[in-house]
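Let me begin by handing over the structure; questions about it come next.
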Amino acid sequence: MALSLEIRGVEAGYGAVRALHGVSLDIRDTETVALLGTNGNGKSTLMKCVMGMVRPTQGSIVLGLDGAQHDLTRLSTEQIVNLGVALVPEGRRLFPKLTVQENLLLGAFRPLARGAIAKNLAFCYEAFPVLQERRRQLAGSMSGGQQQMLAIARALMSAPRLLLVDEPSVGLAPILVSSTVSKIKELKERYGLTVLMAEQNFHQAIRIADRGYIIVHGEIVFDGRSVAELEQNDLVKRYYLGT
Amino acid sequence: MSALLQVAGLAKRFGGFTALEGIALDVAPGERLGLIGPNGSGKTTLINCISGALYNDEGRIAFEGRDITRLPPFQRARLGIARSFQIPKPFRSLTVLDNLRVPLEYAARTRSAHRRAEDEAMRVLESMGLAARAHQDSAGLTQVDMRKLELARAMAAHPRLLISDEAMAGLSGAEVDEVLEILFKLNAAGITIIMIEHIMQAVMRFSQRVVCLDAGRIICEGTPEQTVANADVQRAYLGA
Amino acid sequence: MFSADLFANAVVSGLLLGGFYAAVAIGLAIVFGQLDIVNIAHPAFIIAGSYTAYIFNSTFGFDPVLVGVAAMPVFFAVGVAIYRIYYAAFERTGQESLSGLAFFFGLMFIIEVSLILVYGVDYRLVSAGYATGALSIGFVDLPGRMLVPFLVALALTGLIWLYLSRTFMGRAIQAVAQDRGALQLMGADPIRIKQWAFGIGIATAAVAGALLIIIGPVEPSVGRQYIGRAFAIVVLGGMGSIQGMLIAALLLGVVENMVATFYGPSWAPAVSFGILLLTLAFRPAGLFGR
Amino acid sequence: MRGWGFPAACAAVVVAGLAFTELADNPYYFNAAYVILQALIMAVAWNILGGFTGYVNFGSAAFFAVGAYTSIALLKAAAVPLPLLILAAALVCGLIGLGVGYLTLRLKGVYFAIATLAMGIVLETLINNWSYVGGAKGTAILTPDKHLWFDSYSEMLFMVMLLLALGSVAVSRTLSSSRLGRGLAAIRDDEVAAECSGVPTLRLKLVSTTVMGAMMGAAGAPYPYFVSYVDPLSAFNLFIAVNSIAMPMIGGTAHWAGPVVGALLVGSAQEVITVTISSELNVLLVGIMLVLFITLAPQGIVGLVRKHWKKRA
Amino acid sequence: MKLVRVSIALATAAFAGLAGAAEPIKIGFSMALTGALAGAGKGALIAMEIWRDDVNKKGGLLGRQVEFVYYDDATQPAKVPPIYTKLLNVDKVDLVVSSYGTNEIVPAMPIVMRSKMVFPSLFGLAANEEFKYDRYFQIMPAGPEPKLDWSRGFFELAAQQKPKPQTVAIVAADAEFALNAAAGARENAKKMGFKIVYDKTYPPATTDFTPIVRAIQATGPDIVYVGSYPPDSVGMVKAANEVGLKAKMFGGGMVGLQFAAIQKNLGPLLNNVVNYDFWVPEPTLNFPGVKEFLAKYQEAAKGKGVDPLGHYLPPFAYAYMQILGDAVQATKSLDQAKIADYFRKNTHDTVVGKVQFGKNGEWATSRVLMVQFRDVQPDNLEQFAGPGKRVVVYPKAWKSGDPVFPYKQ
């Protein structure tokens, strides 16, 4: 039971704009890795590259899974999801006109997850009681915090091994940010997940992260091998605020 | 000196979600203002309200002392408020030159001869370094050129106030410098500029004054240095 | 002229008619309402369904409804093939709005004329035992010709509703137009989902066509009469909502028959399309949009 | 076609048309040309809203029919001369177009198209129930004997149609290369960006729908004289709506010449096929041409030609 | 404009071959081969071609073979003027006849009139009322007052019954023929002292007719006159049956009940319906040649998707050609004035009986039959080929049986 993600020299962009300039990073089994940086620096693009939604022009992304190596740059999003990688996308991307429960059930679309659907649904409702209360409500009519919970729960419904979370804090009040981040930690421990979390909120992210990278302008500018290393580094402020 | 743009008590809600609340902001003529804030803090909503793409629920907006709160966007454009869009929205079926003629003919009111509008458009394109692309279809431009076109089109409206919405996102360092240089030049020509930007270095270099939004409110206002040093701003970006 | 039994009959016959309208519109509720594909040729497929029912009814004496149900897989396959062309030519290049519309317009003519070339223009009818006679409950009559289509349409609507809300594929179909990127993240291929959904939409035309020819005679161009109505129902029903579509169809049926009974049938289309116009002008999300 | 080229070409066409009426005495050409010119005006008109502004109108036949029925109503009341009939029809249909324009405030894309479809059915029902103009059973209109200096009424109707067609092409061409046309193109490409560039989008859309309506109405005004007998079923014929969409799509919607080329090509092909193959294939032709063109050459004939020129240049 | 001229040149070139050979006599017409009226139009064309072959087998007209030049008008009136001008001026046909139906006949009138051609016409209802063209001849036996004659029989029959019915309902489709029929019915009803209790029209695209029939039922009429087209005729008959319409007489001006496919489908539902017709296989109407004609028609119609029995329109389509042919033979010329004179002055023997023309080119005396469906069995097409199923109950001269009254016991 081993999982690893190895990203090497990834270049990617949209049209003529390059958003990533040779990004390399590693994630090992059961780690929580934070990808830190303010908006527009390429965090989301990297997430999309892992998911096969943006094709890197160069570099490799290799998912090691129980001894087998999968080159994600050659797989479709569906195939990547089927390997057990799930993304909680930026902006949550719920299906607003479907109910909470329908959203969750869609999360279990991948064949492997369909078998355990009852168990996973029960888990999700236990982990997020508010979702059970509102399971018949349309996803679009819920508050931002609830929507974020739903987005995470939906990703969990696919019974992933590697969970990518993109900017869970956006648009949430500080107290909700903190509880969302705590929830991710809780879930990670419970399911034995490996987590890559892109986040701007430095302090919240490193609260649950084992280590982190800082990405500025499409390049990894700092590889913090431990939380302590990140916390003590004054560079962070400089990278964040451009001073 | 009286303010060019005055925003007072502005609020905007989407359903139950409050995107902006109690926004008060004065922009002086000729000023270079940076508008920053983490993602989802309401920056784009604010400029949508100023340019008229959205109507605010509360508060008032005045431009050159005139209340424009209820004016449709095209009239605001004619009064001298121009903007560029975060995701470029060129008029894809028109050539680059004709893209500029639209604001020239509608907002800047260069109703004079056919030729003059064209010359004027060429002049703007030259100043943006886009002259060589004048007769190309705008849909085929590269990202950098598309962003320049976005600015050029805004400029062609002969604005008093230019709102630049993330004109540099995704550009390389050299390209960022290029766009910054253009903005400095415009400012030198007397145009007031509000710049929304994620690239901090650019904001810091460009702005005389920086306003930081977080969760729909203004949390800090000051010089770039003051803003960066501000605890609230740091909290907004780095979290608590 | 107003009387209780006239009123009751107008309502009941309106409901029966509305049920049939639902069968006509349900394919569009999926294809147009949920996939945003403006398949203006849908009524032409319905006519193709009528001819299928007619051919098997007149040569082998099979029941038209059963023929319609049996023909669904074939229609499904045709639908899948058409979606592939549509996808390759328009959706992939982002041309779907105007060109896609014209594409289906052309398709409509091709289907119509092909039917004319093969089967001529004479009116075609089917015979089925239940298509004559009526069931009377109190002073309300339920003509078999309308009752059977009503029941079949209700069953079809119910099944489609169950399919869309209870199966993985069904939920994916509902989701695909809302956010296809997010659907990909669920491990589903949006193109295949849409192709499947389009196939189902066309498959319903086989049944709707059988119902149409039970109700009355059919020739290749009568489908045009249902273009406006079918789209009106889908829009009134709030696009893509199956329950909304059913309510809108029943409502349209009742309104048309009320106007026909109490005011004058020649104003019925103006009233129903007037409602559509007003809805579009004042509540574009439809009467029952959610 | 800069400067004097276009007016000169128009003048040449008028002179040629006049010479044609003087030299040729075969009414077939005039009647066939009438049908093609009628389709041409409809296509040009449709394209002003559909091609330039990006709003699809399914109700072309309704505008055409209302134009024809305006003539009938006036003729029932008094012996109104043809030019006045055309003016009145343009006015009435322009007003209806103005009303349709207000729909664009709330309706975009497919919704707008469906609204125009519904409007067509409502108008048809109204005419069906208006007995003064014959109602659903239709009415016969006798062609007057007077026809200016022309040899026959069909020659005169042809000349009238030719002038109307030139007029609408001129309007469409002027629009497309003018400030207004660029405004419309901006609306088609991005309504928000257009508005923020100072384009008064609602006002321009109203102009666009009004001009479209007026042109279609004018095209319908001489129709009662042409067929002598009008009933709603044929005046609201779906084929009119189909042709006015298909012709610009085949010719190319982005350029003013697109609907002209499309109408001349498809319209002539239809006339030729009517008198040669003359069967279901006639209807099939429109369907197949439409499907082939939009799948293989979405920019239409004019688009293809321009691409070719650009490549050579 | 270049393209127009090029295409015209092309069209001319395409027909240069035809125009060159002046040998055969050319008869030109437009016909609805597609569109709404195509069903009837195609049947008419088959009948006309049978006539052409018959004539040519006998050596043609004036010793010349007969050739048709015809184009599809697609049931679109706008196509008719170019077609007729082409026929007359490019194809230079020697004779013209009309298309089928009022909408397609009238647009040709001004053109045919300008060329002063004889214009035998196929089922236009009062199409010459406005034009008053003296070379127009209508083969439909509607009589000198077509609108009135159309329903006169229906109301006379009703008036003869005892007890005399008092009230009448009139309902018609919103389209040309049906509304004219209804207008005539209204006048006849008033003239014969009936009280009109229901008088409404409906759109042809109606799906369900039960609410209409119920609204009629609610006014309690003794007789119900319906002006309708094929699909709505079916809907009306079915709805009358389903609702249990209690009228004593039902029918009148329903187009479609004359067609075999519809008769077969409706079957016993038709019993006792009284409806107009022009020819039925009753012994009283066994005109010379009609049997032979129908045999040929039924053979030719196989697999063409047209009416398999062809009782309604085809004999008349054959007949109007017959008269034209006779006129050419008798006058030994293609002189239009002489031919018109022959049409006017003679009684013509045709497969639909003796025909004489009167005012406005309509039949001098009406022969709108009222037939009553009797003893119709379910799902049987052949039964309608023979006598007894559609009994002529009006007028006296052609009567083959007495009406059964009331419609529903």
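Letters A, B, C, D and E mark the chains in the order given here, with residues in each chain numbered from 1 onward.
Going forward, a residue touches a chain if its C-beta (ideal position, glycine included) is under 8 Å from a C-beta of that chain, and two chains touch if they have at least 3 such contacts.
Here the structure is a predicted model, which means the values were calculated and not measured.
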item: Minimum number of chain-to-chain contact steps, chain C to chain E; value: 1
item: Centre-most chain, if every chain is reduced to its averaged C-alpha atoms; value: C
item: Result of counting contacting C-beta pairs for A-C and D-E, higher pair; value: D-E
item: Per Cα centroids, the chain farthest from chain D; value: A
item: Whole-Å gap between the CA centroids of chain C and chain D; value: 32
item: Geometric centre distance via CA averages, chain E-chain A, whole Å; value: 76
item: Chain B and chain D, separation of their C-alpha mean positions in angstrom; value: 42
item: Interface hub residues of chain D, defined as touching at least two other chains; value: 125, 128-129, 136, 280, 283
item: Pairs of chains, among all present, that meet the touch criterion; value: A-B, A-C, B-D, C-D, C-E, D-E
item: Of all residues in chain D, those that touch chain E in their complex; value: 13, 16-17, 26-36, 38, 125, 128-129, 135-138, 140, 142-143, 152-154, 162, 223, 226-234, 237, 239, 261, 264-265, 268-269, 271-272, 274-276, 278-280, 282-283
item: Residue ranges of chain D touching chain B (in the complex, touch as defined); value: 179, 182-183, 185-186, 188-190, 192-201, 254
item: Of all residues in chain D, those that touch chain C in their complex; value: 50, 54, 56, 103, 106-107, 109-111, 113-115, 117-119, 121-122, 124-126, 128-129, 136, 238, 242, 245-246, 249, 253, 280-281, 283-284, 286-291, 294-295, 298
item: Footprint of chain D on chain C - complex, ascending; value: 32, 36, 38, 85, 89-90, 93, 95, 97-99, 101-103, 105-110, 112-114, 116-117, 224, 227-228, 231-232, 235, 266-267, 269-270, 273-274, 276-277, 280-282, 284
item: Touch list for chain E against partner chain C, complex; value: 34-36, 38-39, 42, 174, 200-203, 205-208, 210-212, 214-215, 218-219, 230-231, 234-235, 238-239, 241-244, 256, 259, 261-262, 264-265, 269, 304-307, 378-379
